[in-house]
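For clarity, chains are labelled A, B, C, D, E, F and G in written order, and residue numbers in each chain start from 1.
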């Protein structure tokens, strides 16, 4: 990885599986379909995980960027 | 879904049923009638759900974007 | 309702009775007399309600937009 | 009251007695001498009230707008 | 006091003794030496007071404006 | 170190091992690969540490700047 | 001290020992090497103090301005 801006690292993760953690401690896993400079994200085939177990499956979801703590590409 | 910006995913959900979760944990289900770049949303035929059960029915409601954690189209 | 922007839905509610819920859980009912893009609102004949009961009557009140979670027209 | 902007309602309350409630639950009563678009306010002859009783008298006070929940003219 | 903007009231308090209360409940007393539009303040001969008693003496201190709830001139 | 701007100190830490502490108390250690003026950071070979012990290993991670309290270069 | 802007007081403290207190109550002591208008700061030879005792020594550290409550020059 040699992107110079953090947003580039996220753009490289587009259409790949990512883990997103929110400020409320929840974790979402899904395909990153869209993102913007506020770190607003759209996940597809999203799952909510609590303590490593799938709690909910939600298809497409829009996550507001100001709630996001971290984004981790899994590939 | 091939929208490049997260806001496009929300625009695609306009006039469709969505689930909106707030930072205070409450969940609202209704028809998404309007939204802007702050993610301020207007729902029609909105219901407030707590633990999956309908707690209140509120017709049209304006939700301030900074309270929103996620928006999920249901169709 | 066919307003394209959320703020339009609020403008349509002007001079009508609305319910406003704040981030601290309090609820105010009154005639919406003014609002701006920050969602700062002015209510007239305002009442504070807690658990559905009127707790205070306050005439005209200015509510700072960043405290507002939702606005619901009642008509 | 027929002001179209919320800030106008506050300008109309200038040099009149107002009640200001803060996000920390405290209430201040005094003459509104100055305000700006951030809702920063200056009160004169200000009193701090807790549960309806005067707790402190503080003469002139500057209140930072982002701490304010609501402003109520009393006249 | 006839200043039209809240910031003017603070400018009038420059080089005078003021009491500043923070969002965390702490109170600082000192000579107001500098301030800006964010309400960042510099106090000289500053004292930290808790329940009316001097807890610390700190000479010159810079206070970040977003932590400030109120500023009260004492003269 | 003679950088005049704080962001320069972070730029000097690029491609080096840093410790990042978040507002929620968590600590991440990894190679700083990217950062921007919001202090959004990308870490590579990142580890989450709690009380000094490695809790998770996460490869590449994007950390949202508004969650960051401090960044410490370790070299 | 006769600086007219609060940021000037901080610039005067550059390359001197300062105490920085954060919103989470932690205190850092070190040489102030850099700062910007967001009050982002870089400390060198930094120590973390809890209840007056040194808890950690961290060399160079970048502190995000929005976490800072106050900065006190010690010279």
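In this section, a contact is a pair of C-beta atoms (placed from the backbone, for glycine too) under 8 Å apart; a residue touches a chain by one contact, two chains touch by 3 or more.
Owing to the predicted nature of the structure, the values given are computational and were not obtained by experimental measurement.
Trainee: Going by the touch criterion stated earlier, list every chain that contacts chain C and also contacts chain E.
Mentor: Both chain C and chain E are touched by D, going by the contact rule given at the top.
Trainee: I'd like to verify one number: the distance from the centre of chain A to the centre of chain E, where each centre is the average of its C-alpha atoms, in whole angstrom.
Mentor: 43
Trainee: What is the distance, in whole Å, between the centres of chain A and chain F, each centre taken as the mean of its C-alpha atoms?
Mentor: Roughly 19 Å separates the two chain centres.
Trainee: Do you know which chain C residues sit against two or more other chains?
Mentor: Each of 66 in chain C touches at least two other chains.
Trainee: Output the ring sequence of chains, start chain C, direction chain D.
Mentor: If we begin at chain C and move next to chain D, the sequence is C, D, E, G, F, A, B.
Trainee: Spell out the part of chain F that touches chain A in their complex, as residue ranges.
Mentor: Per the stated touch rule, the residues are 22, 24, 33-36, 40-42, 44, 58-64, 66-67.
Trainee: What does chain F use to touch chain G in their complex?
Mentor: 1-10, 23, 39, 65-66, 68-73
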